[in-house]
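Read from first to last, the chains carry the letters A, B, C and D; within each, the first residue is number 1.
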Amino acid sequence: MKVAFVGLGQMGSAIAANLLKAGHNVTVYNRTRSRAEALQSLGAVVANTPGEAVSETEVVLTMLADDRAVEAVVFGKGNILDSLGAEAIHVSMSTISVALSGRLALAHQEKKQHYVAAPVFGRPDSAAAAKLFVVAAGKSEPVARCRDLFNAIGQKTFEIGEEPIAANLFKLSGNFLITSVIESLAESFALVRKFGFDQDKFLEVMTESLFTTPVYKNYGTILTKEKFDPPGFKLPLGLKDNRLVLAAAEEKAVPMPIATLVGNNFLAAIAQGFGESDWSAVARVTFRNAGL
Amino acid sequence: MKVAFVGLGQMGSAIAANLLKAGHNVTVYNRTRSRAEALQSLGAVVANTPGEAVSETEVVLTMLADDRAVEAVVFGKGNILDSLGAEAIHVSMSTISVALSGRLALAHQEKKQHYVAAPVFGRPDSAAAAKLFVVAAGKSEPVARCRDLFNAIGQKTFEIGEEPIAANLFKLSGNFLITSVIESLAESFALVRKFGFDQDKFLEVMTESLFTTPVYKNYGTILTKEKFDPPGFKLPLGLKDNRLVLAAAEEKAVPMPIATLVGNNFLAAIAQGFGESDWSAVARVTFRNAGL
Amino acid sequence: MKVAFVGLGQMGSAIAANLLKAGHNVTVYNRTRSRAEALQSLGAVVANTPGEAVSETEVVLTMLADDRAVEAVVFGKGNILDSLGAEAIHVSMSTISVALSGRLALAHQEKKQHYVAAPVFGRPDSAAAAKLFVVAAGKSEPVARCRDLFNAIGQKTFEIGEEPIAANLFKLSGNFLITSVIESLAESFALVRKFGFDQDKFLEVMTESLFTTPVYKNYGTILTKEKFDPPGFKLPLGLKDNRLVLAAAEEKAVPMPIATLVGNNFLAAIAQGFGESDWSAVARVTFRNAGL
Amino acid sequence: MKVAFVGLGQMGSAIAANLLKAGHNVTVYNRTRSRAEALQSLGAVVANTPGEAVSETEVVLTMLADDRAVEAVVFGKGNILDSLGAEAIHVSMSTISVALSGRLALAHQEKKQHYVAAPVFGRPDSAAAAKLFVVAAGKSEPVARCRDLFNAIGQKTFEIGEEPIAANLFKLSGNFLITSVIESLAESFALVRKFGFDQDKFLEVMTESLFTTPVYKNYGTILTKEKFDPPGFKLPLGLKDNRLVLAAAEEKAVPMPIATLVGNNFLAAIAQGFGESDWSAVARVTFRNAGL
């Protein structure tokens, strides 16, 4: 399929590479051009603007850091919205606000383009291994058209319905659940450590009994080893996602006390200088408060 | 093996039954005698006091509701401590305080008896199916002597070292992790519901991607169906375990903010009349605070 | 002095009336014109737009509900910024974000106008009685020119320095302190009530010993009487101020756990239908969680 | 009046001295005898045991660190209970649990003695200046008999009713309110400081407008100067009182989220080595989490 890919960070580059390997015809754009050129050896064509990238494509996938970056490529100078053809599809994979996703849906509709929200779960290593989980929401016809693309980049796609923002909300809620795991593990590790017991043994018991899932194993191991660098997902992005889920919650008057608690710890982590580490370094705040 | 079993609540009855089915010779004691007699058809001998139950046995297993109940059978009238033979083993499976477990270890040592802490993970249905996870700690020789018993009641035994209280701490910490799951799921379900999206779909996405473990599936389903009755584990027992983990944390000066948050919700749940429901009904507090 | 007053809600109307009573020459503007006309009997001149109101005045005072309302009158159609004379002063009394206050300072500076942030403490009854506390920040010359105005509306003015945003931050922090008082009183009243003791007696002891200040007396009495209607300051405005202080805190990476706790309770209060009551009705969430 | 005084810490010594200065006949007992002897120059008679101290007195006042210390002198070896005459009064001024106060009431009643709970508000300097606030509860006749004593040590006595435990609950709730003040001030100071504004100016504005009460002034000044040593009231005692209020709250199923939040910070303060400082050093945790 002829597609464009905009946003070549750690995640985007890995995803775009998998699309190329799967035989798709990919035109890429990235603000820092060198990251786009790095994909030329796999067959990517490099565009000068997002608009140029999408002018001839059936589908454009975007994978950007935050709302502002998405707004820039969709609504800004040399943008996607004005260049994307009618009936073409914008697949937004970025973790953005529910509010912006709603605006994108409307904007594309007015241009008779399609909009599919398709955020993903998985860290860069999963992206590289085409093992992402894709949560796709949008009209069924364009979603169906994207299936091959999703299959090329992930191990499983969840098609959750016609309202794009549901996908964004699920993604934000899932990230919230992950942060709850990190904080609850941090508290229990702090407890086990201060009793002088073996936290690796504790983690082993937990992950081979009740919590036999990679999230507990992976973050558990990061926490017991305190291996927060290099980051798989930078802490300020974790804070950003925390703010996005809280913004959605505020819109509907939903108190989320664990989310605010974790949010406070993200701020403390940044205040204490852990802003360049993985988001799981939020656990350091909990460890430090325990005197560890 | 000739064993005694003291404490025949939902969990204890199921465990004792499995010991009987595995061919062990089991003398049982329960304060409410009828629950002991119910096991006679499986071959159990009914004793009149804990002391009588243990007088001829190699191992006594206790499974009781709380510290006070354990203290009563171990130190009270007609107690275990005075009747248990030298070299015999007390396997304490109850979820009790780290402090009491430490006292039990000392008391048995003075009597030249052995003490193994072996709390279990699993709800009554897992106990009935002999699918518990056993976390055993104590001297290696007595722990080794108990292996057959553990195999008869559980799917897996973790032998985690020589210090009994480590097992109690692991158990309490594990229960804390479960309550964190319940609360974090409750917050995210409240959010999804107030947006008008399908919480079952959200749960499906989560449990088939990142959280592929029964804890999320089981409690997730309880929460989406709000099926808190009949209880698998009563809410006040959940509060009790919360207090026990916080007491251990206080002893070592470990702040556990999620644990205190959940503890507050347990109190609110009791104040609002959910004390007869499953401990997962703590989610109702979160739902109610969201106006659901 | 020839002044303009924009924003005639409960607070603004009372303040403008006091300026008129003190002999100032006041042109007023309000979106809902009838509230402006109500001041004509005191001598106010009614303008059709904010810009018209300020065109001939030395000072314009604005007292509006939120950032959006301030942006509308300062930057919107028929705005203040384009009509206010050079060297004239904009005194912003609204409780707005630190960020917007910073933008206002810059915008007026570019127009060679002056900007003084002067938020006030006090509820509508204090405003009516000219008993407000004014917290003024800005260049010393314009602040000095406003002293008579401040004296006409308040019992005391604090001139806190040259940086306008400091006044906004102080105001938001002060409001945060008040919400902490409300929530801490709510928790202690719930405790006293559930023991069956006399909460009025408790409040009396507290306010005649350690907490001899109107904030405790007034909010304490509102809480013991549960007299949350009619509102002196509506609950959604309290939530708004909570969000503003948290936004400022986030900008500087300051975790504020009591502020987030109160914020969650504001959301719960709105979710439970208390959005038309006084902001102190946030206490109802605490009472309800205690089963009261 | 012929009285005994048991417990001569910072508070007790100052109170006993004021009783002596007021002309009362005071027999004193303290575990560390030298502190008792220090009062001989003021006319105190030194006893060898609590029981000896009270054998001839009409009233015994106790002022001890915690439940355990009170239990020791009332129920332990050489105790008060067995030596105090019928109709004599035990005035318990210590900050103890509601549960213990209830037990004391019963125990004295059985001995036909009287029990008055009379905890006080005020730090050591207030005790020395006879400026305490006394909160007295008990039968009206014995309370009336103690009025002269209360007048000698405090600036005001609140007689709040016949149930002694109400006084203990009021005291614990009052201390909780103070800790809420400390934490809320800490959060707002952290915010003001990280914006680079003057926290002393902020404190001045607050304490000369809405919060014109010594609690805000005194703790505010301690926090801005970070002058936590020497302690007026040691941090672990603050933690103890926090646990006592939470224990009372748990008994009646009252969630107190600010209290648990402060409790976590007390634990963090101890974990980080501030256990020898004033209880207001709990603010250091908040400062540190803000990167200060």
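Keep this in mind: a residue touches a chain if its C-beta (ideal position, glycine included) is under 8 Å from a C-beta of that chain, and two chains touch if they have at least 3 such contacts.
Please read these numbers as outputs of a predicted model, since none were measured by experiment.
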item	value
B-D compared against A-D, more contacting pairs	B-D
Centroid comparison with chain B (C-alpha atoms), farthest chain	C
Fraction-based call for chain D against chain C, same above half, different below	same
Whole-Å separation of chain centres (CA-atom averages), chain B against chain D	39
Between chain C and chain D, centroid-to-centroid distance (C-alpha), Å	38
Separation of chain A from chain D, taking each centre as the mean of its C-alpha atoms, in whole Å	53
Sites on chain A at which at least two other chains make contact	249, 253-257, 261, 264, 267-268, 270-271, 289-291
Interfacial residue positions of chain D with respect to chain C in the complex	98, 121, 133, 135, 156, 158, 160-161, 163, 165-166, 169-170, 173-174, 176-178, 180-181, 183-185, 187-188, 190-192, 194-195, 197-198, 201-202, 204-206, 208-216, 245, 248-249, 252-259, 261, 286, 289-291
Residues on chain D engaged by chain B in the complex (per definition of touch)	243, 249-250, 253-257, 260-261, 263-265, 267-268, 270-271
Partner chain C, residues of chain B touching it in the complex	264, 267-268, 270-273, 285, 288-291
